Amino acid sequence: MTTTKANVDFSHKVVEMKSITKKFGDFIANDNIDLTVHRGEVHALLGENGAGKSTLMNILYGLYTPTDGKIFIEGKEAVIDNPNKAIALGIGMVHQHFMLVPPFTVAENIILGMEPMKTFKQVDMDKAIADVKAISEKYGLYVDPKARVMDITVGMQQRVEILKALYRGAEILILDEPTAVLTPQEIKELIEIIRNLTKEGKTIILITHKLKEIKEAADYCTIIRRGKRIDTVDVSQTDENQLASMMVGREVTFKVDKNDAIYGDTVLKIEDLKAKDNRGLFALNGLDLEVRRGEILGIAGVDGNGQSELVEVITGLKKAESGSVMINGKEIVNTNPRNIMDSGISNIPEDRQKHGLVLDFTVSENMILQNYKKERFSKNGKLLDSNIRQFADELINKFDVRPQNNALKARALSGGNQQKVIIAREVTNDPDLLIATQPTRGLDVGAIEFVHKSLIEQRDKGKGVLLVSFELDEIMSVSDRIAVIYEGKIVGIVDAKDANENQLGLMMAGGGK
Amino acid sequence: MDSVMTSLAILLSTTLMYSTPLIFTSLGGVFSENSGVVNIGLEGMMTIGAFVGATVAVFTGNPWMAFIGAGVAGGLFALLHAIASISFNANQVISGIAINFLAPGIAIFMSKMLFDGSTMTPSIPLDQKMPRYLNGLLPSGFLDTVFNTYATTYLAFIFVAIAWFVLYKTRFGLRIRAVGEHPRAADTLGINVHKVRYICVILSGVLAGFGGASMSLAIVSTFRPTLVSGQGFIALAAMIFGKWKPQGAMLASLLFGFANGLVVFLGSPAIGINISEHLLSMIPYLITLFVLIFFVGQANGPAANGEIYEKGER
Amino acid sequence: ETPAEEPAAEETAAESLKISMVTDVGGVKDQSFNQSAWEGLEKAKADLGIEIGYIESKQDADYEPNLETLVDGENDLIWGVGFKMADAILAAAGNYPEQKYAIIDNDYGDATPDNVLGVLFKEEEPSYLVGLIAGKMTQSNKIGFIGGMDVPVINRFRFGFLAGVKAANPDAVVDVQFVNAFNDPAKGKAVANQMYASGVDIIFHAAGDSGNGAIEAAKEQNKWVIGVDRDQNDLAPDNVITSAVKRVDNAMFNVAKELKDGNFAGGTTIVFGLAEGGVDIAPTTSKNVPADILEFVEAEKQKIINKEITVPGTEEAFNSMN
Amino acid sequence: MKKFRINEQLLYTLLSIILGFLVGAVILSIAGFNPIEAYSVMIQGVIGKPRFIAWTIVYATPLILTGLSVAFAFRTGLFNIGAEGQYIIGSMAAVLVGYFFDGPAIIHIPLAIIAGCLAGALWAAVAGLLKAKFGINEVISTIMLNWTALYLSNFVTTIDGFRLPNSEASYSIKETASIGISFLKPLVGTAKVNWGIVIAIIAAILVYYIIFKTTLGYELRAVGYNKHAAEYGGINVNKSIVISMAIAGGLAGLAGVTQVLGVSHKITILAAAEGYGFDGMAVSLIGANSPFGVLLAGLLFGGLKYGGSKLQTIGAPPEVVSIVIGSIIYFIAASSIVKILINKFKVKGGRKNG
């Protein structure tokens, strides 16, 4: 699987970043970092959440100006103080958070800033579309130039991002966590694309938290911890454990430790559930599912097969067309979120900033989001401030939320700590059923370990856990049973111990059992 | 039949009269908000435009110079709004409200200084008002009643076409919309977000200034403190109503103008509806609400509308 | 210009009188009512050497504090310009029994305090005269009346006018429409346009600033219009054929003069009609109105002055006239 | 930590106020007036006598309440441009009850207050409902409702039996509905002091309490900040929007109530909005949307309005007041301008702390 460094031209240093330091106020995000990348190389950047990877790349792309240090491109010193300069130097970047204008078409997004023109400064859309078609064929990145970005899948959007860079003639391509939101299939395709690009002589800098991908795609890997460069290693000479311990500074276990499940009563029972998606098409087509106490049921599937709708219907955010959802034998379908929560369901939502938190609330206010009416937190409509703060402090301690300050706005926390707040709250609700959707997206290995432990803890307490994830590895290592969802139906359920990747992959693609 | 045509003609001409300032000003709103800057200050910018327009006309006797002066004045106050909300990260709503206190205050203050304590500018003679290019060219009757109107009305419609062209056909328009939807994306592609926003906000002030001048130089011939009274807010509403699009803003302005025409029409003794004129006066506002409920519904503006954009922040 | 609270003013107060006024929400130079009042005071300053001052109101709630500010400014007489100030003046008069007040357009009747002078105008009389002119000059026999709001003062203009038209030309019809605002010239213009389009050839407006829109319409369409309150011919010299003038300035000047002579008629209400020179038609009327009509109007005016004709000022009076 | 932030905010506000007055001074000097003289006339005119202070409070009362209305809506993520209309409707309802109802003051006053407050609340709830049900932006709907309220009030004023014959006004409320305070007369003379200010202070405390100390306030704020998360948390978003608008409207209605029961005692036919709602926006912004900030800002604004009219005694245009207020808001909006100025000052003073 490991790449062979076949395309690397060691005589040709494309990017040299020397002693880069970047301070945000008093905070040092990058501390004296060196980075050298050769032509045709895939160079991975690895580090915990907040280690400073994106910052370093934003500097290379001219979005941030370094506090100190020098950059050489093709051996020449370059002052890159805005993206235009980066683009002119052949640098392209695919950002961690997509930089696409949703209502614009694919072609419009790609040409934006470098538009082909007609008279009267008109945009020549015909030429734009032709140009896009041409480069998309050249690199095998097929897209529909006329489709609106908001209507296409995340994987497609990823391609649009890459095409954007290529359209600008990028020779050096920075990919910041490109796989965080992709399905396994899409990830495979992306790695293929990366290989093709290096064959064309392009240079890739790849940021990812997934060690497996580094092993598969990268030639070299630079590890950053707390803003400092720890080391640069030849990927073929290291294994995942070494990478991980360099990154966090301690040993990390990948194996999820858990005992066998002790199955209890059925806690969630779904029968013949039908629901429409936002476009009015049926996303759930008569889905049946059962979750028992004491198990983690993983839902495996490619994004867009009804996972979001399933969770939304269970939690009451979406109305079902028909069917039944029972919790502990009680029908809850099409009631309201409050009633459903009170019936014993907790939910770790997919989009933590949109659904999970009120970013402008303090940590303690967020900790009581569904429970503010409980006796402990309010009396006759009056909030009991000191109880609330005390509760928040308990959770902050127990779940190791950092910094330990209940009065801080949730906005001020890092992504990983935001996720901890949500988990702390949902788990402490002591639900009969805990739903977790993509609970580790974008988190580093340390944080992932924590999340997985929390889920298993719930299971061991005799709760049912419903885990929805697009990452097959996660599903396979954490779940007890795995249900595969395809086109709004469960197409098969297997015991995790008997599951293998190929079989699941086949089922996820609609193939037989 | 004849009286029906007359009524219709009058209704149309009143519609055009009322719509003109709204079209200009709501177009201003379209530019500003498509670039992501909320402009509650349109009312103030209109007021200063109306005042400067009338004043320049009094001193120069040249309506076009007056009109341009009004645009410049509106643009200057928009520049204030831009400086605060783009360069200094001000809350755009607050900055706009500040403009709504400043601009009318300065207009009236200056009027008193220039015109011997009067809050009203002297009346401009007919031949120094905005020209009516079709005056005398049309046979009297329907055509004359409807189309023998001020150049500003025609200009307003021309501006709608230009605005549509700029926003949806040109490079600049693409960039405006990109900046309003996702400024950071635009920034990463080397588009100068602040520059685009400055241009759009200033443009919005210029257009609002034109809107004000189209009142003080065409509909009437003086500035007075109550001249604008709320039109800027109506234009803001028209822009939202028109879903942030030039053609939508125009249609909403026309609807509003038409509803106002209807009030005049229904109030005429010839119609003989015996309803309190106070109730009649509610019509435009109620019609707007009903149209919103039954035909328009939810309207979402540009995604980044109202958000501060700081380079190098996330 | 007129320091109200300076001690210097106090010293000279013995010899020189001081009169100030509170405007209604229009502002002092509104090219209308308030301005006319102020011109009266300016004349008093020029001719009688009286100190003058004013304070503008921005909203109804300002009247009382503004009147009080003038009390603090040691005025010999304080004017309230406009009937909207009636309650405020009454209250102030009770609070400051030593202070003299006067009010334009209000009559407290028997309840008039001794320190208050009411001033009323017979708006219906000049309206009658301009109605005569309109009745004589119309060619289409369709005449328009545009009122600001359906309120008593405006109805005095309206029914006086209707009576005049009827007297001069029983065949003429008068379209009446209200703008429903005194400060909406755009609507005034729209209403006027509509009237002209429907065949009306002369419009009389009693609509304050909204009426300026009617004058604008007349200018554009080259039709006739009749002004109100002051001689509005300057706004459209070829189109404003006459105006129903309310000489607020004369009234204020007269009262100032009386005050100076020690004849302040507190506790009463003075009514200014044609006979008293408090109302009239505009001097510029002769520019656009033929001499024979002017003669006729002059004759009628004398009849009113001689009380041979009583002009109706309300709907009831108008209806009972037949 | 938190305390420091509040102080910082206060510092910026105070500096903005000073800068606003400086701008006014520049304008006055350009126009040929001595700004020191002008401002001393204003200040004298506001605090020179107990009666002046009383008038300032009378002016401030409705502004505090409309300010609270706007601030409350802001806090819950809504922009209430409609305080103007809610004020009008509140006034109208209070006068209707004040005139038509017969009974002892102890019943009459509360009844009139509740009527006005409720009417304002219902009027605003319409905008809330339109937003919740049809997604109609409250900015548009409240603008439309403002004008509708104005004409509705005018219409009601002209109804036979309510309109004072031969006038543009309604009948006055009965004495039993008046909230005037007479026992202060020896101190404040003729100023129309009334219990409105007490109502405003109670309202400010209540608003503070509701927003920060109750589950209702928690819900409303959650919806204001992030309606999606609120919905996830089981909060009924649509209901919250309606309640929020209704409370804001009730406060603006209350502003109308205090004005008619305490000062004007009647409603009149209005040619245009009188600006209580729009001034309320300014008050809310100067007061940083905090209930107690609004209280102080209302007093400042009331003082500026009342003192500003006295500028005319030296012939200076009172529009300076609008310019001063506009500048203050401008500097508050662009507080980073003020921050830069502070830092310059600090560097000069050699007290720079990193």
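First chain written, first letter: the chains are A, B, C and D, and each begins at residue 1.
FYI, a contact is a pair of C-beta atoms (placed from the backbone, for glycine too) under 8 Å apart; a residue touches a chain by one contact, two chains touch by 3 or more.
Everything numeric in this text was worked out from a predicted model, so none of it was measured.
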*Which chain's C-alpha centroid is most distant from that of chain A?*
C
_Centroid from C-alpha atoms only, then distance chain A to chain D, rounded to Å. What do you get?_
47
*chain B to chain C: how many Å between their CA centres?*
35
*Could you please state the distance in Å, as a whole number, between where the Cα atoms of chain B are centred and where those of chain D are centred?*
28
*Of all residues in chain B, which are in touch with two or more distinct other chains?*
112, 226, 229, 278, 281
*In chain C, residues with contacts to at least two other chains*: 150, 180, 183-184
*Can you tell me which residues of chain D touch two or more of the remaining chains?*
151, 154, 158, 271-272
_With touch defined as at the top, which chains are paired up in contact here?_
A-B, A-D, B-C, B-D, C-D
_Looking at the complex, which residues from chain B come into contact with chain C?_
3, 6, 9-10, 13-14, 17-18, 112, 115-120, 123, 126, 132, 145, 215, 219-222, 224-227, 229, 260-261, 263-265, 267-270, 277-278, 280-281
*Over in the complex, which chain C residues touch chain B? Could you list them?*
27-31, 35, 150, 175-178, 180, 183-187, 189-191, 193-195, 197-198, 209, 212-213, 216, 219-220, 234-236
_In the complex, chain B residues that touch chain A_ = 165, 169-172, 174-175, 177-178, 181-182, 184-191, 303, 311-312, 314
_Can you tell me which positions in chain B touch chain D when the two form their complex?_
80, 83-85, 88-91, 93-95, 97-106, 108-109, 112-113, 226, 229-230, 233-234, 236-237, 240-241, 276, 278-279, 281-282, 284-286, 288-289, 292-293, 296-299
*Which residues, counting only chain D, touch chain C once they are in their complex?*
41, 45, 51, 55, 58-59, 151, 154, 158, 166-168, 189-192, 259, 263-264, 268-269, 271-272, 274-275, 305-306, 309-310, 312-315, 318
